[in-house]
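In what follows, a structure is listed as C-alpha coordinates, so that the remarks can point back to it.
Letters are used for the chains, namely A, B, C and D, taken in the order the chains are written, and counting of residues starts over at 1 for each.
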Amino acid sequence: MKQKMIGVIGGGQCSSDVENLAEEVGSLIAQREGILICGGLSGVMEAACRGAKKSNGTTIGVLPGDRKSDANPFIDIPIVTAMADARNIIIVRSSDAVIAIDGKYGTLSEISFCLAYNVPVIGLKTWNVDPGIIGANSAKDAVNKAFELAAN
Amino acid sequence: MKQKMIGVIGGGQCSSDVENLAEEVGSLIAQREGILICGGLSGVMEAACRGAKKSNGTTIGVLPGDRKSDANPFIDIPIVTAMADARNIIIVRSSDAVIAIDGKYGTLSEISFCLAYNVPVIGLKTWNVDPGIIGANSAKDAVNKAFELAAN
Amino acid sequence: MKQKMIGVIGGGQCSSDVENLAEEVGSLIAQREGILICGGLSGVMEAACRGAKKSNGTTIGVLPGDRKSDANPFIDIPIVTAMADARNIIIVRSSDAVIAIDGKYGTLSEISFCLAYNVPVIGLKTWNVDPGIIGANSAKDAVNKAFELAAN
Amino acid sequence: MKQKMIGVIGGGQCSSDVENLAEEVGSLIAQREGILICGGLSGVMEAACRGAKKSNGTTIGVLPGDRKSDANPFIDIPIVTAMADARNIIIVRSSDAVIAIDGKYGTLSEISFCLAYNVPVIGLKTWNVDPGIIGANSAKDAVNKAFELAAN
(Lines give C-alpha, C1' and ligand atoms only; values in the text may rest on other atoms or scores of the structure.)
Protein backbone atom coordinates (compact mmCIF):
# COMPACT_ATOMS: atom_id res chain seq x y z
CA MET A 1 0.00 0.00 0.00
CA LYS A 2 1.16 3.50 -0.89
CA GLN A 3 2.27 5.79 1.92
CA LYS A 4 -0.01 8.75 2.42
CA MET A 5 1.42 12.12 1.48
CA ILE A 6 0.49 14.78 4.03
CA GLY A 7 1.09 18.43 3.21
CA VAL A 8 2.14 20.84 5.92
CA ILE A 9 1.72 24.51 5.05
CA GLY A 10 2.46 27.67 7.03
CA GLY A 11 4.68 30.69 7.10
CA GLY A 12 8.43 30.91 6.66
CA GLN A 13 8.54 32.80 9.94
CA CYS A 14 6.64 31.88 13.08
CA SER A 15 6.60 32.13 16.88
CA SER A 16 8.19 29.43 19.02
CA ASP A 17 4.73 28.22 20.05
CA VAL A 18 3.80 27.65 16.45
CA GLU A 19 7.16 26.02 15.83
CA ASN A 20 6.52 23.53 18.62
CA LEU A 21 3.11 22.77 17.21
CA ALA A 22 4.54 22.24 13.73
CA GLU A 23 7.28 19.98 15.06
CA GLU A 24 4.72 17.84 16.84
CA VAL A 25 2.61 17.63 13.68
CA GLY A 26 5.64 16.52 11.69
CA SER A 27 6.58 13.93 14.26
CA LEU A 28 3.08 12.45 14.33
CA ILE A 29 2.89 12.29 10.52
CA ALA A 30 6.10 10.25 10.53
CA GLN A 31 4.84 7.97 13.30
CA ARG A 32 1.79 7.24 11.16
CA GLU A 33 4.15 6.45 8.27
CA GLY A 34 3.03 9.36 6.17
CA ILE A 35 5.38 11.22 3.86
CA LEU A 36 5.56 14.90 4.78
CA ILE A 37 5.47 17.28 1.81
CA CYS A 38 5.95 21.01 2.23
CA GLY A 39 7.54 24.10 0.71
CA GLY A 40 10.99 23.13 1.97
CA LEU A 41 11.98 26.42 3.59
CA SER A 42 12.11 27.78 7.16
CA GLY A 43 9.54 28.49 9.90
CA VAL A 44 6.60 26.08 10.03
CA MET A 45 8.09 24.04 7.19
CA GLU A 46 11.43 23.50 8.88
CA ALA A 47 9.90 22.75 12.27
CA ALA A 48 7.56 20.16 10.81
CA CYS A 49 10.43 18.51 8.92
CA ARG A 50 12.59 18.45 12.05
CA GLY A 51 9.78 16.66 13.86
CA ALA A 52 9.36 14.18 11.03
CA LYS A 53 13.08 13.34 10.95
CA LYS A 54 13.16 12.86 14.74
CA SER A 55 10.57 10.16 14.16
CA ASN A 56 12.46 8.73 11.17
CA GLY A 57 9.99 9.93 8.59
CA THR A 58 10.52 11.00 4.98
CA THR A 59 10.31 14.66 3.95
CA ILE A 60 9.84 16.32 0.56
CA GLY A 61 10.46 20.02 -0.02
CA VAL A 62 8.95 21.61 -3.12
CA LEU A 63 11.21 24.63 -3.44
CA PRO A 64 10.27 27.98 -5.00
CA GLY A 65 13.84 28.88 -5.98
CA ASP A 66 16.38 27.32 -8.31
CA ARG A 67 18.79 25.71 -5.84
CA LYS A 68 18.66 22.57 -3.73
CA SER A 69 20.68 24.42 -1.12
CA ASP A 70 17.61 26.55 -0.31
CA ALA A 71 16.08 23.52 1.38
CA ASN A 72 16.06 23.36 5.17
CA PRO A 73 18.43 20.73 6.64
CA PHE A 74 15.61 18.26 7.34
CA ILE A 75 14.51 17.82 3.72
CA ASP A 76 15.28 14.37 2.28
CA ILE A 77 14.00 14.99 -1.23
CA PRO A 78 14.30 18.51 -2.62
CA ILE A 79 12.10 19.20 -5.66
CA VAL A 80 13.45 22.30 -7.39
CA THR A 81 10.82 24.26 -9.30
CA ALA A 82 12.25 27.78 -9.88
CA MET A 83 8.58 28.78 -10.18
CA ALA A 84 8.16 30.86 -7.03
CA ASP A 85 4.66 30.45 -5.58
CA ALA A 86 3.43 28.32 -8.44
CA ARG A 87 5.01 25.61 -6.34
CA ASN A 88 2.25 26.15 -3.77
CA ILE A 89 -0.14 24.51 -6.19
CA ILE A 90 2.14 21.49 -6.60
CA ILE A 91 2.27 20.96 -2.83
CA VAL A 92 -1.51 21.00 -2.61
CA ARG A 93 -2.12 18.77 -5.62
CA SER A 94 0.44 16.21 -4.43
CA SER A 95 -1.04 15.94 -0.92
CA ASP A 96 -3.65 13.41 0.15
CA ALA A 97 -4.54 15.85 2.94
CA VAL A 98 -3.07 19.15 4.12
CA ILE A 99 -2.51 20.58 7.60
CA ALA A 100 -2.35 24.40 7.67
CA ILE A 101 -0.58 25.91 10.67
CA ASP A 102 -0.57 29.66 11.25
CA GLY A 103 0.69 31.38 8.11
CA LYS A 104 -0.12 34.47 6.10
CA TYR A 105 -1.05 35.17 2.49
CA GLY A 106 0.94 32.35 0.92
CA THR A 107 -0.78 29.94 3.28
CA LEU A 108 -4.15 31.46 2.39
CA SER A 109 -3.42 30.81 -1.27
CA GLU A 110 -2.67 27.17 -0.47
CA ILE A 111 -5.83 26.81 1.60
CA SER A 112 -7.76 28.26 -1.35
CA PHE A 113 -6.31 25.64 -3.68
CA CYS A 114 -7.14 22.85 -1.21
CA LEU A 115 -10.75 24.04 -1.20
CA ALA A 116 -10.77 24.41 -4.99
CA TYR A 117 -9.43 20.87 -5.58
CA ASN A 118 -11.24 19.11 -2.74
CA VAL A 119 -8.02 18.25 -0.96
CA PRO A 120 -8.98 17.93 2.73
CA VAL A 121 -7.46 20.83 4.68
CA ILE A 122 -7.19 20.85 8.45
CA GLY A 123 -6.56 24.18 10.18
CA LEU A 124 -4.46 24.81 13.29
CA LYS A 125 -4.33 28.45 14.42
CA THR A 126 -4.72 29.57 10.83
CA TRP A 127 -7.11 31.39 8.48
CA ASN A 128 -10.70 30.64 9.41
CA VAL A 129 -12.44 31.96 6.34
CA ASP A 130 -14.50 29.07 5.01
CA PRO A 131 -16.51 26.21 6.48
CA GLY A 132 -14.52 23.83 4.26
CA ILE A 133 -11.48 24.28 6.52
CA ILE A 134 -11.65 21.51 9.13
CA GLY A 135 -10.82 22.78 12.61
CA ALA A 136 -8.46 20.93 14.94
CA ASN A 137 -7.58 21.69 18.55
CA SER A 138 -4.18 19.98 18.80
CA ALA A 139 -1.42 18.52 16.69
CA LYS A 140 -2.72 15.04 17.42
CA ASP A 141 -6.27 15.95 16.45
CA ALA A 142 -5.03 17.53 13.22
CA VAL A 143 -2.94 14.53 12.20
CA ASN A 144 -5.71 12.09 13.08
CA LYS A 145 -8.12 14.03 10.90
CA ALA A 146 -5.61 14.28 8.07
CA PHE A 147 -5.11 10.52 7.89
CA GLU A 148 -8.84 9.85 8.21
CA LEU A 149 -9.60 12.16 5.33
CA ALA A 150 -6.62 11.39 3.10
CA ALA A 151 -7.77 10.11 -0.27
CA ASN A 152 -7.60 6.34 -0.62
CA MET B 1 3.35 56.58 -21.15
CA LYS B 2 2.55 52.92 -20.65
CA GLN B 3 -1.10 51.91 -20.43
CA LYS B 4 -2.08 50.60 -17.01
CA MET B 5 -2.89 46.90 -16.83
CA ILE B 6 -5.92 46.24 -14.65
CA GLY B 7 -6.71 42.69 -13.61
CA VAL B 8 -10.31 41.55 -13.29
CA ILE B 9 -10.82 38.34 -11.34
CA GLY B 10 -13.95 36.40 -10.45
CA GLY B 11 -15.71 33.16 -11.07
CA GLY B 12 -16.34 31.36 -14.34
CA GLN B 13 -20.00 31.26 -13.38
CA CYS B 14 -21.99 34.11 -11.91
CA SER B 15 -25.47 35.64 -11.53
CA SER B 16 -26.76 38.17 -14.05
CA ASP B 17 -26.35 40.91 -11.43
CA VAL B 18 -22.68 40.12 -11.09
CA GLU B 19 -22.36 39.91 -14.85
CA ASN B 20 -23.75 43.42 -15.23
CA LEU B 21 -21.34 44.70 -12.60
CA ALA B 22 -18.39 43.03 -14.33
CA GLU B 23 -19.43 44.41 -17.71
CA GLU B 24 -19.57 47.92 -16.27
CA VAL B 25 -16.14 47.46 -14.69
CA GLY B 26 -14.69 46.31 -18.00
CA SER B 27 -16.25 49.23 -19.85
CA LEU B 28 -14.87 51.77 -17.38
CA ILE B 29 -11.37 50.25 -17.54
CA ALA B 30 -11.42 50.71 -21.30
CA GLN B 31 -12.72 54.27 -21.04
CA ARG B 32 -9.78 55.06 -18.79
CA GLU B 33 -7.47 53.51 -21.41
CA GLY B 34 -6.42 50.64 -19.24
CA ILE B 35 -5.66 47.20 -20.64
CA LEU B 36 -7.90 44.56 -19.09
CA ILE B 37 -6.13 41.35 -18.11
CA CYS B 38 -8.04 38.32 -16.84
CA GLY B 39 -8.24 34.54 -16.96
CA GLY B 40 -9.86 34.59 -20.39
CA LEU B 41 -12.80 32.29 -19.71
CA SER B 42 -16.53 32.74 -18.99
CA GLY B 43 -18.60 34.36 -16.22
CA VAL B 44 -17.06 37.47 -14.67
CA MET B 45 -14.12 37.29 -17.09
CA GLU B 46 -16.28 37.23 -20.21
CA ALA B 47 -18.63 39.94 -18.98
CA ALA B 48 -15.76 42.28 -18.14
CA CYS B 49 -14.18 41.66 -21.55
CA ARG B 50 -17.50 42.31 -23.30
CA GLY B 51 -17.72 45.63 -21.50
CA ALA B 52 -14.16 46.53 -22.42
CA LYS B 53 -14.71 45.75 -26.10
CA LYS B 54 -17.93 47.80 -26.17
CA SER B 55 -15.74 50.72 -25.10
CA ASN B 56 -13.01 49.83 -27.63
CA GLY B 57 -10.54 48.61 -25.03
CA THR B 58 -7.86 45.94 -25.24
CA THR B 59 -8.27 42.59 -23.47
CA ILE B 60 -5.76 39.91 -22.52
CA GLY B 61 -6.80 36.41 -21.45
CA VAL B 62 -4.24 34.30 -19.57
CA LEU B 63 -5.66 30.87 -20.25
CA PRO B 64 -5.29 27.81 -18.00
CA GLY B 65 -5.64 25.29 -20.84
CA ASP B 66 -3.63 24.55 -23.95
CA ARG B 67 -5.82 26.06 -26.67
CA LYS B 68 -6.49 29.59 -27.83
CA SER B 69 -10.01 28.51 -28.64
CA ASP B 70 -10.77 28.30 -24.92
CA ALA B 71 -10.76 32.10 -24.80
CA ASN B 72 -14.06 33.93 -24.60
CA PRO B 73 -15.00 35.81 -27.81
CA PHE B 74 -13.98 39.19 -26.36
CA ILE B 75 -10.31 38.36 -25.82
CA ASP B 76 -7.91 40.20 -28.13
CA ILE B 77 -4.69 38.61 -26.92
CA PRO B 78 -4.86 35.02 -25.69
CA ILE B 79 -1.86 33.94 -23.61
CA VAL B 80 -1.82 30.14 -23.53
CA THR B 81 -0.20 28.68 -20.42
CA ALA B 82 -1.36 25.03 -20.15
CA MET B 83 -0.56 25.45 -16.46
CA ALA B 84 -4.04 25.35 -14.95
CA ASP B 85 -4.30 27.66 -11.93
CA ALA B 86 -0.62 28.57 -11.97
CA ARG B 87 -1.89 31.11 -14.46
CA ASN B 88 -3.69 32.88 -11.59
CA ILE B 89 -0.30 34.02 -10.35
CA ILE B 90 0.62 35.42 -13.77
CA ILE B 91 -2.57 37.48 -13.89
CA VAL B 92 -1.83 38.99 -10.48
CA ARG B 93 1.84 39.66 -11.12
CA SER B 94 1.10 41.30 -14.48
CA SER B 95 -1.55 43.65 -13.08
CA ASP B 96 -0.91 47.18 -11.81
CA ALA B 97 -4.09 46.78 -9.76
CA VAL B 98 -6.75 44.08 -9.51
CA ILE B 99 -10.53 44.26 -9.17
CA ALA B 100 -12.08 41.16 -7.59
CA ILE B 101 -15.76 40.60 -8.30
CA ASP B 102 -17.71 37.83 -6.59
CA GLY B 103 -15.88 34.53 -7.14
CA LYS B 104 -15.05 31.44 -5.16
CA TYR B 105 -11.83 29.62 -4.22
CA GLY B 106 -9.88 30.44 -7.36
CA THR B 107 -10.64 34.10 -6.76
CA LEU B 108 -9.58 33.74 -3.13
CA SER B 109 -6.24 32.35 -4.30
CA GLU B 110 -5.77 35.37 -6.55
CA ILE B 111 -6.70 37.79 -3.76
CA SER B 112 -4.13 36.03 -1.58
CA PHE B 113 -1.43 36.53 -4.19
CA CYS B 114 -2.37 40.22 -4.55
CA LEU B 115 -1.92 40.63 -0.80
CA ALA B 116 1.33 38.65 -0.83
CA TYR B 117 2.85 40.72 -3.65
CA ASN B 118 1.43 44.12 -2.66
CA VAL B 119 -0.64 44.40 -5.81
CA PRO B 120 -3.58 46.67 -4.88
CA VAL B 121 -6.79 44.64 -4.82
CA ILE B 122 -10.24 46.20 -4.82
CA GLY B 123 -13.17 44.04 -3.79
CA LEU B 124 -16.70 44.14 -5.18
CA LYS B 125 -19.13 41.65 -3.59
CA THR B 126 -16.27 39.26 -2.97
CA TRP B 127 -14.23 37.64 -0.17
CA ASN B 128 -13.90 40.01 2.78
CA VAL B 129 -11.22 38.22 4.73
CA ASP B 130 -8.42 40.74 5.19
CA PRO B 131 -8.16 44.49 5.78
CA GLY B 132 -5.78 44.65 2.81
CA ILE B 133 -8.72 44.16 0.43
CA ILE B 134 -9.97 47.64 -0.51
CA GLY B 135 -13.76 47.87 -0.48
CA ALA B 136 -15.72 49.50 -3.26
CA ASN B 137 -19.45 50.19 -3.49
CA SER B 138 -19.87 50.41 -7.25
CA ALA B 139 -18.12 49.60 -10.51
CA LYS B 140 -17.16 53.23 -10.87
CA ASP B 141 -15.75 53.41 -7.35
CA ALA B 142 -13.74 50.22 -7.94
CA VAL B 143 -12.25 51.41 -11.22
CA ASN B 144 -11.43 54.82 -9.79
CA LYS B 145 -9.60 53.18 -6.90
CA ALA B 146 -7.80 50.76 -9.20
CA PHE B 147 -6.36 53.54 -11.35
CA GLU B 148 -5.45 55.64 -8.31
CA LEU B 149 -3.55 52.76 -6.77
CA ALA B 150 -2.03 51.26 -9.91
CA ALA B 151 1.74 51.23 -9.67
CA ASN B 152 3.42 54.04 -11.57
CA MET C 1 -10.11 39.27 -37.75
CA LYS C 2 -7.62 38.51 -34.99
CA GLN C 3 -4.09 39.76 -35.39
CA LYS C 4 -1.55 36.96 -35.75
CA MET C 5 0.81 36.47 -32.85
CA ILE C 6 4.35 35.79 -34.03
CA GLY C 7 6.93 34.57 -31.55
CA VAL C 8 10.54 35.67 -31.86
CA ILE C 9 13.03 33.58 -29.91
CA GLY C 10 16.79 33.85 -29.54
CA GLY C 11 19.51 34.57 -27.06
CA GLY C 12 19.76 37.39 -24.54
CA GLN C 13 23.18 38.16 -26.00
CA CYS C 14 24.06 38.28 -29.67
CA SER C 15 26.37 39.79 -32.29
CA SER C 16 25.49 43.02 -34.04
CA ASP C 17 24.79 41.07 -37.24
CA VAL C 18 22.21 38.98 -35.46
CA GLU C 19 20.81 42.10 -33.84
CA ASN C 20 20.27 43.70 -37.23
CA LEU C 21 18.56 40.57 -38.49
CA ALA C 22 16.28 40.47 -35.44
CA GLU C 23 15.40 44.14 -35.80
CA GLU C 24 14.43 43.59 -39.42
CA VAL C 25 12.30 40.60 -38.45
CA GLY C 26 10.52 42.66 -35.80
CA SER C 27 9.91 45.50 -38.20
CA LEU C 28 8.45 43.20 -40.85
CA ILE C 29 6.16 41.48 -38.32
CA ALA C 30 4.76 44.89 -37.39
CA GLN C 31 4.34 45.89 -41.05
CA ARG C 32 2.29 42.74 -41.56
CA GLU C 33 0.18 43.76 -38.52
CA GLY C 34 1.30 40.84 -36.43
CA ILE C 35 1.73 41.09 -32.67
CA LEU C 36 5.29 40.24 -31.66
CA ILE C 37 5.57 38.00 -28.59
CA CYS C 38 8.92 37.16 -27.01
CA GLY C 39 10.73 36.65 -23.73
CA GLY C 40 10.93 40.39 -23.11
CA LEU C 41 14.63 40.68 -22.29
CA SER C 42 17.77 41.79 -24.15
CA GLY C 43 19.68 40.58 -27.23
CA VAL C 44 17.53 39.12 -30.01
CA MET C 45 14.37 39.90 -28.04
CA GLU C 46 15.18 43.59 -27.59
CA ALA C 47 16.34 44.06 -31.18
CA ALA C 48 13.18 42.49 -32.56
CA CYS C 49 11.01 44.65 -30.31
CA ARG C 50 12.90 47.78 -31.34
CA GLY C 51 12.20 46.93 -34.96
CA ALA C 52 8.53 46.31 -34.25
CA LYS C 53 8.13 49.64 -32.46
CA LYS C 54 9.86 51.52 -35.30
CA SER C 55 7.09 50.14 -37.50
CA ASN C 56 4.39 50.97 -34.94
CA GLY C 57 3.73 47.37 -33.97
CA THR C 58 2.62 45.86 -30.67
CA THR C 59 5.03 43.87 -28.49
CA ILE C 60 4.44 41.42 -25.66
CA GLY C 61 7.22 40.29 -23.31
CA VAL C 62 6.64 37.11 -21.29
CA LEU C 63 9.15 37.69 -18.50
CA PRO C 64 10.94 34.99 -16.49
CA GLY C 65 11.42 37.17 -13.41
CA ASP C 66 9.04 38.85 -11.01
CA ARG C 67 9.31 42.50 -12.08
CA LYS C 68 7.91 44.48 -15.00
CA SER C 69 11.08 46.56 -14.92
CA ASP C 70 13.02 43.57 -16.31
CA ALA C 71 11.35 44.19 -19.66
CA ASN C 72 13.36 45.83 -22.42
CA PRO C 73 12.24 49.42 -23.23
CA PHE C 74 10.37 48.30 -26.38
CA ILE C 75 7.85 46.04 -24.64
CA ASP C 76 4.28 47.34 -24.65
CA ILE C 77 2.70 44.56 -22.62
CA PRO C 78 4.84 42.89 -19.96
CA ILE C 79 3.51 39.53 -18.76
CA VAL C 80 5.18 38.73 -15.45
CA THR C 81 5.50 35.01 -14.74
CA ALA C 82 8.18 34.61 -12.02
CA MET C 83 8.54 31.10 -13.44
CA ALA C 84 11.99 31.30 -15.02
CA ASP C 85 12.17 29.20 -18.19
CA ALA C 86 8.69 27.78 -17.77
CA ARG C 87 7.78 31.00 -19.52
CA ASN C 88 9.45 29.61 -22.67
CA ILE C 89 6.52 27.23 -23.00
CA ILE C 90 4.02 30.07 -22.72
CA ILE C 91 5.72 31.99 -25.53
CA VAL C 92 5.56 28.96 -27.81
CA ARG C 93 1.97 28.02 -26.97
CA SER C 94 0.76 31.59 -27.47
CA SER C 95 2.38 31.99 -30.90
CA ASP C 96 0.69 31.25 -34.21
CA ALA C 97 4.19 30.79 -35.65
CA VAL C 98 7.70 31.25 -34.23
CA ILE C 99 10.86 32.68 -35.76
CA ALA C 100 14.07 31.40 -34.10
CA ILE C 101 17.16 33.55 -34.59
CA ASP C 102 20.55 32.40 -33.40
CA GLY C 103 20.32 31.44 -29.71
CA LYS C 104 21.64 28.77 -27.42
CA TYR C 105 20.09 26.18 -25.10
CA GLY C 106 17.07 28.22 -24.07
CA THR C 107 16.28 28.72 -27.73
CA LEU C 108 16.75 24.99 -28.36
CA SER C 109 14.19 24.27 -25.63
CA GLU C 110 11.74 26.60 -27.33
CA ILE C 111 12.34 25.03 -30.73
CA SER C 112 11.69 21.62 -29.12
CA PHE C 113 8.35 22.81 -27.77
CA CYS C 114 7.38 24.23 -31.18
CA LEU C 115 8.06 20.82 -32.71
CA ALA C 116 6.22 19.06 -29.89
CA TYR C 117 3.10 21.24 -30.21
CA ASN C 118 3.09 21.63 -34.00
CA VAL C 119 3.67 25.36 -33.82
CA PRO C 120 5.40 26.27 -37.12
CA VAL C 121 9.01 27.25 -36.39
CA ILE C 122 11.18 29.09 -38.90
CA GLY C 123 14.94 29.07 -38.33
CA LEU C 124 17.39 31.91 -39.09
CA LYS C 125 21.03 31.11 -38.27
CA THR C 126 19.90 28.84 -35.47
CA TRP C 127 19.86 25.19 -34.36
CA ASN C 128 19.49 22.90 -37.36
CA VAL C 129 18.67 19.66 -35.60
CA ASP C 130 15.40 18.49 -37.06
CA PRO C 131 13.69 18.56 -40.46
CA GLY C 132 10.66 20.14 -38.77
CA ILE C 133 12.56 23.42 -38.48
CA ILE C 134 11.75 25.44 -41.61
CA GLY C 135 14.80 27.15 -43.05
CA ALA C 136 14.81 30.78 -44.16
CA ASN C 137 17.52 32.78 -45.91
CA SER C 138 16.54 36.30 -44.90
CA ALA C 139 14.38 38.24 -42.46
CA LYS C 140 11.84 38.78 -45.20
CA ASP C 141 11.74 35.10 -46.13
CA ALA C 142 11.30 34.14 -42.47
CA VAL C 143 8.46 36.57 -41.86
CA ASN C 144 6.71 35.59 -45.08
CA LYS C 145 6.87 31.93 -44.07
CA ALA C 146 5.70 32.69 -40.54
CA PHE C 147 2.55 34.45 -41.75
CA GLU C 148 1.87 31.78 -44.36
CA LEU C 149 2.07 29.05 -41.77
CA ALA C 150 0.44 30.83 -38.84
CA ALA C 151 -2.60 28.92 -37.65
CA ASN C 152 -5.88 30.33 -38.87
CA MET D 1 24.75 11.67 3.23
CA LYS D 2 21.93 12.57 0.85
CA GLN D 3 20.94 10.04 -1.78
CA LYS D 4 21.71 11.20 -5.31
CA MET D 5 18.70 11.99 -7.46
CA ILE D 6 19.13 10.67 -10.99
CA GLY D 7 16.73 11.81 -13.69
CA VAL D 8 15.67 9.42 -16.43
CA ILE D 9 14.10 11.05 -19.46
CA GLY D 10 12.74 9.59 -22.67
CA GLY D 11 9.57 9.09 -24.62
CA GLY D 12 6.20 7.86 -23.44
CA GLN D 13 6.34 5.29 -26.21
CA CYS D 14 9.36 3.20 -27.16
CA SER D 15 10.52 -0.06 -28.73
CA SER D 16 11.09 -3.14 -26.59
CA ASP D 17 14.86 -2.74 -27.04
CA VAL D 18 14.71 0.73 -25.56
CA GLU D 19 12.44 -0.55 -22.82
CA ASN D 20 14.99 -3.17 -21.85
CA LEU D 21 17.72 -0.55 -21.78
CA ALA D 22 15.62 1.77 -19.61
CA GLU D 23 14.78 -1.05 -17.22
CA GLU D 24 18.46 -1.88 -16.81
CA VAL D 25 19.27 1.79 -16.20
CA GLY D 26 16.58 2.00 -13.53
CA SER D 27 17.79 -1.16 -11.86
CA LEU D 28 21.38 0.07 -11.74
CA ILE D 29 20.35 3.45 -10.31
CA ALA D 30 18.60 1.63 -7.48
CA GLN D 31 21.57 -0.67 -6.87
CA ARG D 32 23.73 2.42 -6.48
CA GLU D 33 21.17 3.77 -3.99
CA GLY D 34 20.11 6.66 -6.15
CA ILE D 35 16.57 7.97 -6.20
CA LEU D 36 15.08 7.79 -9.69
CA ILE D 37 13.14 10.86 -10.76
CA CYS D 38 11.21 10.99 -14.03
CA GLY D 39 8.01 12.20 -15.66
CA GLY D 40 5.99 9.37 -14.13
CA LEU D 41 4.24 8.14 -17.25
CA SER D 42 4.69 5.20 -19.67
CA GLY D 43 7.42 4.07 -22.09
CA VAL D 44 10.98 4.80 -21.00
CA MET D 45 9.72 6.27 -17.72
CA GLU D 46 7.73 3.19 -16.76
CA ALA D 47 10.45 0.75 -17.79
CA ALA D 48 13.08 2.59 -15.76
CA CYS D 49 10.79 2.66 -12.72
CA ARG D 50 10.05 -1.06 -13.07
CA GLY D 51 13.77 -1.72 -13.05
CA ALA D 52 14.29 0.47 -10.02
CA LYS D 53 11.54 -1.25 -8.05
CA LYS D 54 12.92 -4.72 -8.94
CA SER D 55 16.11 -3.57 -7.21
CA ASN D 56 14.18 -2.04 -4.29
CA GLY D 57 14.84 1.55 -5.24
CA THR D 58 12.75 4.66 -4.74
CA THR D 59 10.96 6.35 -7.65
CA ILE D 60 9.51 9.83 -8.04
CA GLY D 61 7.15 10.77 -10.88
CA VAL D 62 6.69 14.45 -11.67
CA LEU D 63 3.37 14.29 -13.46
CA PRO D 64 2.15 16.71 -16.15
CA GLY D 65 -1.54 16.16 -15.41
CA ASP D 66 -3.74 16.76 -12.40
CA ARG D 67 -4.21 13.23 -11.06
CA LYS D 68 -2.02 10.84 -9.11
CA SER D 69 -3.65 8.02 -10.99
CA ASP D 70 -1.81 9.07 -14.14
CA ALA D 71 1.39 7.69 -12.59
CA ASN D 72 2.71 4.36 -13.80
CA PRO D 73 2.39 1.52 -11.26
CA PHE D 74 6.08 1.71 -10.26
CA ILE D 75 6.00 5.28 -8.94
CA ASP D 76 6.41 5.56 -5.18
CA ILE D 77 6.06 9.32 -4.89
CA PRO D 78 3.78 11.07 -7.39
CA ILE D 79 4.31 14.82 -7.63
CA VAL D 80 1.25 16.33 -9.28
CA THR D 81 1.93 19.53 -11.18
CA ALA D 82 -1.01 20.09 -13.58
CA MET D 83 1.49 22.15 -15.56
CA ALA D 84 1.95 19.97 -18.65
CA ASP D 85 5.54 20.18 -19.95
CA ALA D 86 6.57 22.85 -17.46
CA ARG D 87 7.15 19.80 -15.33
CA ASN D 88 10.06 18.87 -17.62
CA ILE D 89 11.99 21.74 -16.10
CA ILE D 90 11.29 20.52 -12.57
CA ILE D 91 12.65 17.06 -13.40
CA VAL D 92 15.87 18.55 -14.76
CA ARG D 93 16.36 21.04 -11.93
CA SER D 94 15.76 18.38 -9.28
CA SER D 95 18.26 15.91 -10.76
CA ASP D 96 21.92 15.66 -9.78
CA ALA D 97 22.49 14.06 -13.18
CA VAL D 98 20.18 12.99 -16.02
CA ILE D 99 20.21 9.97 -18.30
CA ALA D 100 18.41 10.55 -21.61
CA ILE D 101 17.25 7.42 -23.43
CA ASP D 102 15.77 7.62 -26.92
CA GLY D 103 12.91 10.12 -26.90
CA LYS D 104 11.55 12.81 -29.16
CA TYR D 105 10.85 16.53 -28.81
CA GLY D 106 9.91 16.49 -25.13
CA THR D 107 13.20 14.74 -24.42
CA LEU D 108 15.04 17.30 -26.54
CA SER D 109 13.52 20.08 -24.43
CA GLU D 110 14.77 18.35 -21.29
CA ILE D 111 18.26 17.87 -22.75
CA SER D 112 18.25 21.59 -23.60
CA PHE D 113 17.43 22.49 -20.01
CA CYS D 114 20.18 20.17 -18.71
CA LEU D 115 22.66 22.00 -20.93
CA ALA D 116 21.29 25.40 -19.92
CA TYR D 117 21.53 24.65 -16.18
CA ASN D 118 24.75 22.64 -16.23
CA VAL D 119 23.04 19.48 -15.06
CA PRO D 120 25.19 16.61 -16.39
CA VAL D 121 23.28 14.77 -19.12
CA ILE D 122 24.28 11.34 -20.39
CA GLY D 123 22.83 10.19 -23.70
CA LEU D 124 21.82 6.65 -24.66
CA LYS D 125 20.48 6.27 -28.21
CA THR D 126 19.13 9.79 -28.07
CA TRP D 127 19.55 13.27 -29.60
CA ASN D 128 23.17 13.92 -30.48
CA VAL D 129 23.02 17.63 -31.10
CA ASP D 130 25.57 19.17 -28.78
CA PRO D 131 29.01 18.23 -27.43
CA GLY D 132 27.68 18.85 -23.92
CA ILE D 133 25.69 15.60 -24.13
CA ILE D 134 27.92 12.86 -22.68
CA GLY D 135 27.82 9.69 -24.73
CA ALA D 136 27.42 6.25 -23.17
CA ASN D 137 27.54 2.84 -24.82
CA SER D 138 25.56 0.80 -22.30
CA ALA D 139 23.22 1.13 -19.36
CA LYS D 140 26.09 0.41 -17.02
CA ASP D 141 28.32 3.01 -18.63
CA ALA D 142 25.53 5.60 -18.44
CA VAL D 143 24.78 4.98 -14.78
CA ASN D 144 28.47 5.00 -13.88
CA LYS D 145 28.91 8.34 -15.58
CA ALA D 146 25.77 9.75 -13.98
CA PHE D 147 26.97 8.97 -10.46
CA GLU D 148 30.47 10.23 -11.19
CA LEU D 149 29.14 13.54 -12.45
CA ALA D 150 26.26 14.01 -10.02
CA ALA D 151 26.67 17.24 -8.08
CA ASN D 152 28.06 16.77 -4.60
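As a convention for this text, a residue touches a chain if its C-beta (ideal position, glycine included) is under 8 Å from a C-beta of that chain, and two chains touch if they have at least 3 such contacts.
For clarity, every value in this text was computed on a predicted model and none was experimentally measured.
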{"item": "Touching both subunit C and subunit D (chains)", "value": "A, B"}
{"item": "Chain pair showing more contacts of the two, A-B and B-D", "value": "A-B"}
{"item": "Rotation, 0 to 180 degrees and nearest 5, that superposes subunit A on copy subunit D via CA atoms", "value": "180"}
{"item": "Between subunit D and subunit A, distance of the C-alpha-averaged centres to the nearest whole Å", "value": "27"}
{"item": "Separation of mean Cα positions, subunit D and subunit B [Å, integer]", "value": "40"}
{"item": "Separation of mean Cα positions, subunit B and subunit A [Å, integer]", "value": "30"}
{"item": "Residues of subunit D engaged with two or more neighbouring chains", "value": "66, 82-86, 89"}
{"item": "Subunit B-touching residues of subunit C, taken from the complex the two chains share", "value": "2-3, 5, 35, 60, 62, 66, 68, 76-83, 86, 89-90, 93-94"}
{"item": "Touching residues on subunit D, where the partner in the complex is subunit C", "value": "83-86, 89, 104-106, 108-109, 112-113, 115-116, 127, 129-130"}
{"item": "Contact footprint of subunit C on subunit A as seen in their complex", "value": "66, 82-86"}
